[in-house]
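Per-chain residue numbering starts at 1, and chain names A, B, C, D, E, F, G, H, I, J, K, L, M and N are given in the order in which the chains are listed.
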Amino acid sequence: MDSMTLIAIASIITAGMTISIGGIGPALGEGRAVATALTSLAQQPDAAPTITRTLFVGLAMIESVAIYCFVVSMILIFANPFWNHAIAKAAGG
Amino acid sequence: MDSMTLIAIASIITAGMTISIGGIGPALGEGRAVATALTSLAQQPDAAPTITRTLFVGLAMIESVAIYCFVVSMILIFANPFWNHAIAKAAGG
Amino acid sequence: MDSMTLIAIASIITAGMTISIGGIGPALGEGRAVATALTSLAQQPDAAPTITRTLFVGLAMIESVAIYCFVVSMILIFANPFWNHAIAKAAGG
Amino acid sequence: MDSMTLIAIASIITAGMTISIGGIGPALGEGRAVATALTSLAQQPDAAPTITRTLFVGLAMIESVAIYCFVVSMILIFANPFWNHAIAKAAGG
Amino acid sequence: MDSMTLIAIASIITAGMTISIGGIGPALGEGRAVATALTSLAQQPDAAPTITRTLFVGLAMIESVAIYCFVVSMILIFANPFWNHAIAKAAGG
Amino acid sequence: MDSMTLIAIASIITAGMTISIGGIGPALGEGRAVATALTSLAQQPDAAPTITRTLFVGLAMIESVAIYCFVVSMILIFANPFWNHAIAKAAGG
Amino acid sequence: MDSMTLIAIASIITAGMTISIGGIGPALGEGRAVATALTSLAQQPDAAPTITRTLFVGLAMIESVAIYCFVVSMILIFANPFWNHAIAKAAGG
Amino acid sequence: MDSMTLIAIASIITAGMTISIGGIGPALGEGRAVATALTSLAQQPDAAPTITRTLFVGLAMIESVAIYCFVVSMILIFANPFWNHAIAKAAGG
Amino acid sequence: MDSMTLIAIASIITAGMTISIGGIGPALGEGRAVATALTSLAQQPDAAPTITRTLFVGLAMIESVAIYCFVVSMILIFANPFWNHAIAKAAGG
Amino acid sequence: MDSMTLIAIASIITAGMTISIGGIGPALGEGRAVATALTSLAQQPDAAPTITRTLFVGLAMIESVAIYCFVVSMILIFANPFWNHAIAKAAGG
Amino acid sequence: MDSMTLIAIASIITAGMTISIGGIGPALGEGRAVATALTSLAQQPDAAPTITRTLFVGLAMIESVAIYCFVVSMILIFANPFWNHAIAKAAGG
Amino acid sequence: MDSMTLIAIASIITAGMTISIGGIGPALGEGRAVATALTSLAQQPDAAPTITRTLFVGLAMIESVAIYCFVVSMILIFANPFWNHAIAKAAGG
Amino acid sequence: MDSMTLIAIASIITAGMTISIGGIGPALGEGRAVATALTSLAQQPDAAPTITRTLFVGLAMIESVAIYCFVVSMILIFANPFWNHAIAKAAGG
Amino acid sequence: MDSMTLIAIASIITAGMTISIGGIGPALGEGRAVATALTSLAQQPDAAPTITRTLFVGLAMIESVAIYCFVVSMILIFANPFWNHAIAKAAGG
């Protein structure tokens, strides 16, 4: 059973680190994008539709990186193939 | 019982680190976004509705990263599947 | 009893690290937001109500990250499910 | 008695690290806020009441992060539930 | 069976670290690209089509780096040749 | 007696690290505040009373963080509850 | 068989680290290149063909570094000479 | 006697690290304060008395952090309560 | 055979680290060079031939550093003299 | 005699590290102060006496931090109370 | 034979690290030099010959540092005196 | 004799680290001071005597930090009291 | 023979690290010097002889640091007194 | 002989690290000084003699730090008192 514990611990630590480290980049990148969007809106209010549309496309691209990390984190907690294999073996062995 | 202790320790440490490390990025990103919003408001008070709306959408996107981290942190403390499995096995074994 | 000690130590260290590391981001972000609010106020005193309102909403969003960390830190000290489980088992076992 | 020593050492180290690491962010953030307040005062002396009021609200928000760290640090030294539990057990056991 | 556990742990940790560390660069790079796109749009609204097209090509190039990391991460979780070889050997041996 | 030595060593190291690491932030923050105060004084000598008063309030807020660290450091050296408990037990045991 | 496990683990970890660390530089470099391309387009729309052509040549040069890393990463997972040698020896020995 | 050696070593290392790490912040902060004082003097020679007075108050506040570190460092070398307790016990035991 | 495994592991890890760490510098350097080339083209379209020629010579110089790293990485994987010597000895011994 | 060797080693390493780490801050701070003094002199040659006087007071304050470190370093080499105690005990024991 | 393996491993790791770490500086330095060359060409096209000549001399100086690293790296792989000595001894002994 | 070797090794490593780490600060500080001196000379050639005199006083102050480090380094190599004590004891014992 | 292997390994690793770490500074410094030389040439083509001469003297000074590192690196590989002493002893002993 | 090997290894590693780490500061500082010298020459060609003279004095001061490191490095390789003492003892003992 020791090997199951090790897999569980590795999954827990990795799940947390993945989303926390992987969230730094997107948060900073989105902060920068939003910040310039606001500056641009104040400078050229007439271009608001174009700016807003481009901002949302850009935020979606950046957020996708955070989503990747969140997906990997959730897979490791709730759909971990290595953990499932270990449970299956423990149940059947 | 040793394996339960190890899972508990890993969960405790990871839960804390996830939200604390994962909170640095969103806090800095939101600080930057709010800061430019204020600069833009001072520069172009007439565009206040557009700026405020864009700011709130942006803050929501950035805050979502912190929410991901908080969710993972809460899951690890209160709904940890590895811990539940260990308790179930300890109770039934 | 060794396993209880280990859980206690992990909880103590994580509780402290969570709030101290997690507080760096919000403090810097709020410092930046307040700083630009003051610059904006000096530049456009007439927009004071809008600026102040936006600043408070923004500070609340940023402070929420610090609150998350403080909540996790308090949970680990005073409502730690892993510690409670260990005490219950020690009392009943 | 070894487990009590370990809890004591963890509490001592964490108490010190919490306030020292957690104090870096607020100190820098407040330094930045105060600095811009002074620049703004020099630039727009007529807005002194608004600037001062906003500065104090902001400093209070930032200082709150340092207070959280100080509270956790004091709890770990003088009202540590894990230490109290260990003393109670040592006294009663 | 110990060797399978080690491969599983290495795969879990590497999968998480790959996407989280590898996502920092693309997120920051895209944030910068989107930010300047918005500045450029505000400065020269007439060039919107050229700017938007160049932005999307650039974002695709940058996102490709994150995709590489995500692909490697998924391969390590769901199509890991080393893990498959270990399972095959364990089943046949 | 070994456990007393360990507590003593942890207290010594933590006391020194607390004030030295915790002093970096306040020193830099105060340096920044004083620097802008001087710039502001040179730019607007007539506002000297307001600037000086705001500077002193701000310095007091920032210095408070250093004071927290110094207090924790002194408590750990001269009023350490864990050390006192160990001495009491050694004397009475 | 132990030596095969070690080679597998080293390959897994190195494959992930190579593309994740090696992707930071290209992502940031491309972000910078795209950003200035957009600024230049907004500043001199007439030079769009020259700017776009130079941008694509530059992006190709920078992307080549990420491709190198991805190639090394894929070689380590799917065409690893050390792993093949170990399998051949295990099969024939 | 081993425990005395350990306390001595911890005191020596901590004393040196406290003043050396703790001196970085004040030195940089004072350098910044003095630098802006000189700029301000060159810009507004008539305000020399006010600038000099504010500079000295500020330097005193910043230097106080270095003094705290020096005091803790001296206490650890020449008035270390843990060392004195160990000597007393060694002499009387 | 243990010594062969060690050489293999060292070669795998070094090959990946060489190209990933060694690629950061060239990618950033090329990003900077391309970025200024674009700025210069927008500023002085008439000098396009000279700028493009100088850019390509510069990119070749910078890329050469990445090529060095890639060459060393490939040598370590496919033409490693230490690995060949070990295989020869294992075959002949 | 082992304990004397350990104290000697700790003293040697700490003495060197104290002055080398502790000298970084003062050297950078003084460099900054001298640099602005020169800029100020070039900008306002008439204020040379005031600038020079303020510069020297400031340099003295900053140098004091380096002096603290040098004093602690010399104490640890030539007037180390812990070393003297060990020698006295070795001579008398 | 163990000592030969150790020398081989040290040579492999050092060869890779030398060129990868040593290539960061030259790549960044050359990127900067090329970047300013392009800016200068755009600003003063008439001085192209002087600028180009100076750029090439400078690039040669900077590249020489990367060449040093590549030479040391190649020496360690293909003309390593320590490895040759070990082989000679193993062959003759 | 083991204890003499340890003291020798600690002295060697510390001597080298002291001057190398301790030399970073002064070199950077002097570089900054010299740089501004040259800018000031170009801006105000008439003030050359005052600027040169102030520069030399400042360089002497900064160089003193490097001298401290060099002195400690030389003491540790050629006049090390701990080493002398060990030699004396080895000769007399 | 073990001691010879250790000396060989230390020499290999140190030789590579010396030139790779020691080359970062000169490469960056020369990059900066060349960059400003080009800016200066573009700004003041008439001063080309003076600028070029000063640049070459400066590059020689900076390159000398890289040469020092290369010399130490070559000495450690091809004229290592410690290695020669070990070989002489192994041959004569 | 073991103690001689340890001293040799410590000397080799320290010699290399001393000059490589200690060379970063001077190289960067000289790069900065040379860079501003070139800017100043382009801005004020008439002050060339004063600028050149001051530059050379400054470069000599900065280079002295690198010389200190090189001297310590050479002493450790060719005139190491600890190594000489060990050889003398080995020869005479």
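The definition used in the following text is that a residue touches a chain if its C-beta (ideal position, glycine included) is under 8 Å from a C-beta of that chain, and two chains touch if they have at least 3 such contacts.
Note that this is a predicted model, so its numbers are computed, not measured.
Undergrad: Starting at chain E, what is the smallest number of hops through touching chains needed to reach chain F?
TA: Counted as steps through touching chains, the separation is 5.
Undergrad: By label order, what chains touch chain C and chain K together?
TA: Looking at chain K and chain C together, no chain touches each of them.
Undergrad: In degrees and to the nearest 5, what turn takes the CA positions of chain A onto those of chain G?
TA: Rounded to the nearest 5 degrees, it is 50.
Undergrad: When the C-alpha atoms of chain G and chain L are each averaged to a single point, how far apart are the two points in Å?
TA: 44
Undergrad: On a C-alpha centroid basis, what's the spacing between chain M and chain N, in Å?
TA: 11
Undergrad: So the centre of each chain is just the mean of its C-alpha atoms; given that, what is the distance between chain L and chain M in Å?
TA: 21
Undergrad: Once you find the CA centre of chain B and the CA centre of chain N, what distance in Å lies between them?
TA: That gives a centre separation of 48 Å.
Undergrad: At which residue positions does chain J touch at least two other chains?
TA: Chain J, residues with two or more chain partners: 11, 13, 15, 17, 19-21, 24-26, 28-33, 35-37, 39, 41, 43, 55, 59, 66, 69, 73.
Undergrad: In graph terms, nodes being chains and edges touches, is this line, ring, star, complete or other?
TA: If you draw each chain as a dot and join those that touch, you get a single closed ring.
Undergrad: Should the ring be read from chain J with chain L in second place, what is the ordered list of chains?
TA: J, L, N, M, K, I, G, E, A, B, C, D, F, H
Undergrad: For the complex, give me every residue of chain M touching chain N.
TA: It comes out as residues 3, 6-7, 10-11, 13-15, 17-22, 24-26, 28-33, 35-37, 39-41, 43-44, 46-47, 50-51, 54-55, 57-59, 61-62, 64-66, 68-69, 72-73, 75-76, 80-82, 85-86, 89.
Undergrad: Along chain F, where are the residues that touch chain H in the complex?
TA: The touching residues are 1-2, 4-5, 8-9, 11-13, 15-17, 19-21, 23-39, 41-43, 45, 48, 52, 55-56, 59, 63, 66, 69-70, 73, 77-78, 83, 87.
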